[in-house]
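Here's the structure we're looking at; comments come further down.
The first chain written gets the first letter, and so on, giving A, B, C and D; residue counts start at 1 in each chain.
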């Protein structure tokens, strides 16, 4: 737990408004305001978190927020760090992490398509997995999936 | 017209026409084009009339040397002269449209006709002095024609010229030596004189001559001028250059080995008392086949690829001639004609493609043109079939003769070099055909049209010639047989469809019948099955995805997997060596130049120093 | 082959060929394809029924829709089906092509395959066992014998219906070769 | 003369039957090696019938059509020049060198059809096929030259008749090294595993055959079968003494083919580069050694 504590101190020192929790050995949770997310990533990369394995998104409908989780892994310390940040559901916007981790382009593209989060500075927020999608972002919880499905694939007369 | 008249007329017309065409260009372009085609056809017609004619005329007396300049014609001269006249005529017909928007056309046609005249002069000359004169006319005009386009072409032409001058010097040396030995320039006279010469002297003459002709024929260590020259020249001239001009070297080989020094004498020659001269010659041929053919695999420029094949095919001729059996020589000489037809055809095909696509000859940028240019495609296909030597094309018969004689003379390693050269040829010429004519048609070529009539005329004529000589090889082989007779070698006595059964099993008409019958049977079954629906080029398998426009083509690094293995071994090291040599030589001469300071004092000092050295040496001798 | 078959064979060799030489397009649409490797290899040996996997649609005449069909896959399936030469047979494999299966309310998976392509037979189950494929093949033989496996003809006759449905879910699908390919190329 | 005409008609038919039989046999043997039941022996016949009677055929143009016809015609024409048992209808008009070159016609036709199919997979397949051909031709030609030099003839009929005397006259005993080298490259010549990368279904969507369906695929299949026949017949003629009649000839071919299929059944697939290096290493060295020995002894 020594190393985790050192990391915690380092993050708290460099980032304002970050709450760092050491969950257990090898698992750290960091919560930051959306504006500070990228600067925290820079700081974390400097501490040794060289690998961003994924970005996930959760729709907290009741609280009116979307939560982005950056999963980072440090090879030298064998620590998994989750960097959480929250955005408003209405017109969610944040800054891209491409300058820090170039490969986040794909993750951001997917989250943009599925949740409608706009990543400022990502040059390639074009349609990705969905085939000519025109409805609202499908993974949001207020997306009325069954109505949509009924409308799009509705049962009609078939040729037998 | 009697044979004598026709023969007298050929060269004056050939040389005079060049001047007439040049002057007529000042009057009107149409007149010039007409006259160029007309005068290019005249030697062809005259030579047709001269079939089987043998004669000799003295056209100039060199009274101060007590010599006369002679023209002669026999089977040997006739054979090469008709090849020259045919290819040059077709190249000029091809030029009509190909060159239409180029500059300095008067000069171009002048030079083309003059080269033609020069080559006719070479093969018809009956003495070595006129041979040398015509040879130089041809070489210099070639220099002008290669550098016609300017830019990189000038460098290529310079490379050619330097090597050509080296060859000319060697030839001049040989001629001077021959004159002082035999006292005459007349070919038959020299041959008589050589019959009593020592083997060492014969070898000396042969080596000089072979060096000289080998540069023109581009045998491997002295081939480096050819790829640049061929790819930089305009396409119709490339056809002439690769088809017949370069093969003047083969004429020279034949002249020196079979006429001047008789073959019996050549067989006895040893280099350094160890190596059979004719076997060394064969091995040079074998190396000339294998190395350039595999270098051709790497080329992406259509004309450069063909140029390397031009070198490689020259190896077959050298191999056949060097072997010296009647079948081998017949194969080598026949291959010279065949090579002229299909390489000229292929250069014309590239020219037609260039003409229609605004000068694209990078293989990776072309594709799918068979749909737009079917006649040109057929020409290209016939050309590569001939180049590979697929049965029913003329290339097959000559290659078969060479292989057969190699195997029967128990030279399997030479035969192996020749055979594997063929397989290397298949790879690179299929790449040539595939990249230009097959595969996806890029959209930028959607409006490409078929080649114009004058180009199609040349292409179709040459395709027909290829199949004609492939199915009736007896036609040219009869002339070659007569030629062998005049060389004092057992003639081949060919049948119309191959060789007599005592010599080997070859009957082209049976092969033709078999293939045609099977084609008919195959096509009958094909037609019996349900008729096919024609589909678009974009309706192609793309793993369920939609075929991308302009990108669905496999052409770049076509034989990458083979390069990985053979790539390191098939670089053109000889050219690299020459470049290295030139660089080092420049450095050396630069150093040497520093001695000549231009200062009077230092010159005086050198002289004094030299005198001092001489004096010291003199005194040394006294003690 | 029993004796009755010989007479039938001589009467219509074409039918005989179609029946005993079903070449399946090796197209993995979904999870169901995991059942195909055991079917074509040693354990179940589909080759004894004349069923062989083929690499390209031009060579195949049996199209197994193995599992759920997402919208993106649907485009590829339609294209592959169009490229197969007649006669061609489509067999829906698993529950998902029948009615969507466990993806019955998914926004990105088609529910009824036969709205978009004529299906000659279904294999129900999630997953069906490899043996089910052989049952389906034998059924298909019987249908071919009776002249009932006519999906490809139905597709031609009712092309407007199928095309309308296809356009409904895939409005941007280029139907014809070369059509709009560049537009698709940009978005892909 | 009459006999010759009869054999001219009979030989292609026999060759087709043998070729299609071999195709079925190879599938059966491979299945048994895999411990499968396998298709019936006549399965290739069903397949060809199906393909020929397909209700729709898709063409990519005239070159595509003619190329595929040429590939079969070339194969059938080549067969007439190869002595098979007592049948050698056209051997007097073409020797082994002619056969070597006639063998080019059918791959060339297929390559033209593949090029005309406007599909890069086909082009990749052709490129691989040609590279493979370049690979196996080196040892094959060396070995074939050894045979030709040993018997001092290029005629296949004479080569066969010179081996006829007794079992020990077979080249496989008199020229063991060239025979071994040719046998080592036989899988490459037949394009079976480990050298089947040219038409690999998994990598390049069956290569040159990618756009062939219906009658085109039937023709390609027949061409492949004929090619198998030609290669085996040449092997038997060169090294196993041909055959006194068509039956012994067939049995010898069968024996060679059986071994080839067994290799096919258990081998994985080479990469192109590996194949080239293999072919130019041991088979080429062995064939070269054989050739040198022949040159030495024939002096």
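Throughout what follows, contacts are C-beta pairs under 8 Å (C-beta built on N, C-alpha and C of every residue); 3 or more make two chains touch, one makes a residue touch a chain.
The shown structure was predicted, so the numbers you read here are calculated from the model rather than taken from an experiment.
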B-C or B-D, whichever has more C-beta pairs in contact: B-D
Rounded Å distance between subunit A and subunit B, as computed from the means of their C-alpha atoms: 70
Separation of mean Cα positions, subunit C and subunit B [Å, integer]: 59
Euclidean distance of C-alpha centroids - subunit B vs subunit D, Å: 36
Multi-chain contact residues (two or more partners), subunit A: none
Sites on subunit C at which at least two other chains make contact: 56-58, 75, 83
In subunit B, residues with contacts to at least two other chains: 535, 537, 539, 541, 543
Contact graph of the chains (line, ring, star, complete, other): other
Chain pairs that touch, as defined at the top of this document: A-C, B-C, B-D, C-D
Residue numbers on subunit C that touch subunit D, as the complex places them: 1, 13-14, 16-18, 20-21, 23, 26, 41-42, 45, 47-48, 50, 53-59, 61, 83-87
Subunit D - residues contacting subunit B, complex: 12, 52-61, 63, 65, 68-70, 72-74, 76-77, 80-81, 90-95, 97-98, 100-102, 104-105, 108, 111-112, 115-121, 123-124, 126-128, 130-131, 133-134, 137-138, 141-142, 145-146, 148-149, 152, 154-155, 205, 210-211, 214-216, 218-219, 271-273, 276-277, 280, 291, 294-295, 298
Residues of subunit D that touch subunit C when the two form their complex: 27, 31, 34-40, 43, 46-47, 49-58, 201-202, 205-206, 209-214, 217
Subunit B to subunit C touching residues, read off their complex: 535-539, 541, 543-549
For the subunit C and subunit B complex, residues of the former touching the latter: 27, 56-58, 75-77, 79-80, 83, 174, 177-178, 181-182, 184-185, 188
